[in-house]
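When the chains are written out, they are named A, B, C and D in that same order, and each has its own residue count from 1.
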Amino acid sequence: MNWGGWSDFFAMGGYAFYVWGSYAVTFGLLVMEIVLLLRRRRKARAQLVLSRGRRNP
Amino acid sequence: MLEAVDLRCERGARTLFRGLGFRLRGGELLRVTGANGTGKTSLLRIVCGLLAPAQGEVRWHGGDIRVLREEFWGRLVYIGHANAIKDDLTAAENLAVSCTLGGSSADDAQVRAALRQLGLAGCEDLPVRALSQGQRRRVALARLVPSGAVPLWVLDEPFTALDAAAVDVVQQLISGHVAGGGAVFYTTHLEASIAAAVSLCIDLDRGAG
Amino acid sequence: MLAVLRCVIRRDLLLAARRRSDVLTVLLFFVIVVSLFPLGAGPEPALLRTIAPGVIWVAALLASMLALNRLFAQDHADGTLEQMLLSATPLGLIVAAKVLAHWLVSGLPLVLMAPVLALQFDLPLPYFGVLVLSLALGTPVLSLIGAIGAALTLGVRGGGALLALLVLPLYVPVLIIGAGAVEAMASGLGAQAYLLLLAAFLVVAAAFAPWVAAVALRISVE
Amino acid sequence: MKGNINWFKYSSPQTFYPLAGTLAPWFGALAAVFGAAGLYIGFFVAPTDYQQGEAYRIIFIHVPAAWMSMFLYLVMAFWAGAGLMFNTRLSGMMASALAPTGALFTFIALWTGSLWGKPMWGTYWVWDARLTSELILLFLYFGFMALQAAIDDARRADRAGAVLALVGVVNVPVIYFSVQWWNTLHQGASVSLTKAPTMAATMFAGMIVMAFGFWFYSIAVTLLRVRCIVLERERNSEWVTEYARDFR
């Protein structure tokens, strides 16, 4: 384990902004993609319910 | 000569027709009727190979047209809703280009004779822009005159925007072609009486013909 | 077969002659875009001399892309495109003929105009030859690749910008090698390799692009 | 996404839909496991680089993301080509489902590349051959997605997208080598990311593990998106209305 303590870990040898900047954006985008996808899935299912309602109310 | 087997056509999510088949031999006339939007034009485009059917096959002399491709297209004249003429060119130039493209080369004399036959004497060298809608349709249909040798004619609403005299000329052309052993596949709303040995009909209103 | 191709080329050239303004707008666009750069980047000759090839090439690229929608859109609208699809001649050859006619109308003028603009940028005279040659080899490639983009975006809304988005990434190699030719000449390396590479691009594009555009046309007209 | 077990049995959207549903969570779980392992190796096992200090740790997501951006474009072009050749609707859907994730990884590669460039070379954007090619790859992805969005008819959109993807995949090597040539002409090889730090075994392991994590993630997300596309495109078919009977 090459970190003194948590504060040392987060300082990341002075490059905290760059390292955490990249990691935060990367995993933030991945999570955002999943959230958008689930929303799209909900919209698609709602559309089906809507058209089913229209077909045989 | 031309045969379609179990054709199904879809536009967007709607199925226009399914299980449609017919057989068209030389010297026969096949008319497609049906209300607007029942897929008449789509059927014509499928028969020409412009549109791929969702299911089924179109055969020319037993060979699938998707395999024959250029060989089949060389034996066919297609006149669609659009007149396929350029506004900036004169009527003579337009006809010369469309004849060459279709494979039946026509020299200038034949071109002018065809235009005269369609009642366009005197307008041969006017840019098509200056002609009326009816005259433009005649320029498009004048292509039929030099393509007597082409066995299959596919015409989409040939009689629209034409006056009585022009309709008469076109009817003679069609019946002349059919009498000469060619086949004509066309759609129209006009109750046209075209003399032909055998004239079949596909009615898309009653579902598959 | 050949008669049909000659007829298509003659028809397109005739159409362009009848509507000369289309040709001029492409050329004027080219001249204006090139003339904007000194206004933007300042008139010092040293700077202009270094950016001259890049500017002229980018402007030629944009101008030829601007002219692309004239390639199929008009024929699609009035139905002549369907006749080409239903002709006995393979569609690839017809597309090649159309692209050649299109290049003669919108590519060649750019090549001929480039030296005049190079004067404006005070480009040393020995480099004119390489510039014109690289454009002469490059602009047909732009038209050929552009034909694929034009065929794909036929009758699609937002066509102009979409066409640019599709085609510009594919133009990058031609731009780099084309502009690089003059650059290499300037740095003494000699432009031989670049011009040969451009010629290779041209041969490959001429061999494949028309057939790919033909497939794209059949898809778009369906 | 290698070929399915029985090629044609699963090639219809109807049979593929449930399969995608069962597989997606598994791949999601695998992605989480490998991602966590990659992070652990990257931060706690890999030693500090003597030359670049801690900043080099960005490599553990920059390189896998770059690999994925290229790999997904190839897979997308494969499915698009298959859709064009065999006329199967599902292949077209797969291609459309892959594009957004590919574009996302390209953007991540660019973002992490520039953030890594700042501490190393003092500028956020380095006209390095590989970074520039990534940028052009991003435009290719946007071109594909924009073309598909602009065409209403799903069948034509798939086939037009397929032609563009195939033309694009042929051009990617040409773009890469011309950018490489351009880079050496203008700057020489002095400023470029190609000189990765000396590869200690653990560093390489960290990257590989993270790459697998991203790969499983892409499969899971693509399967989910395919299911959405199937629902959207097949909403009028009988099996979807039957399937949707119990939706609230």
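By definition in this document, a contact is a pair of C-beta atoms (placed from the backbone, for glycine too) under 8 Å apart; a residue touches a chain by one contact, two chains touch by 3 or more.
Values in this document were obtained by computation on a predicted structure and should not be read as measured data.
Of all chains, B has its CA centroid at the greatest distance from the CA centroid of chain D.
Legend note: the chain whose CA centroid lies nearest the centroid of all displayed protein CA atoms is C. Interface comparison, A-D versus C-D: the higher count of C-beta contacts falls to A-D.
Chain A and chain D have CA centres that are 16 Å apart. For this pair, chain B with chain D, the centres built from the Cα atoms lie 48 Å apart. The centroid of the Cα atoms in chain C and the matching centroid in chain D are 32 Å apart. Annotation: 43 Å between the Cα-based centres of chain A and chain C. Multi-chain contact residues, meaning those touching two or more other chains, occur in chain C at positions 222. Contact with two or more other chains is made by residues 235-236 of chain D. Listing the residues of chain D that touch chain C in their complex gives 136, 139-140, 142-143, 146-147, 150-151, 155-156, 159-160, 163-164, 167-168, 171, 174-175, 178-179, 181-182, 185. Touching chain A in their complex are the following residues of chain D: 43-44, 47-48, 53-55, 57-58, 61-62, 65, 100-101, 104, 107-108, 111-112, 115-116, 118-119, 217, 221, 224-225, 227-228, 231-232, 235-236, 240-241, 244-245, 247-248.
Only residues 3-4, 7-8, 11, 14-15, 18-19, 77-80, 82-90, 221-222 of chain C touch chain B when the two sit together in their complex.
Looking at the complex, you find that chain B touches chain C at residues 48-52, 70-71, 73-74, 76, 78, 80-89, 93, 96-98, 100-103, 105, 127. Within the complex formed with chain D, the chain C residues making contact are 148, 152-153, 156-158, 162, 165-166, 168-170, 172-173, 176-177, 180, 183-184, 187, 212, 215-216, 219-220, 222.
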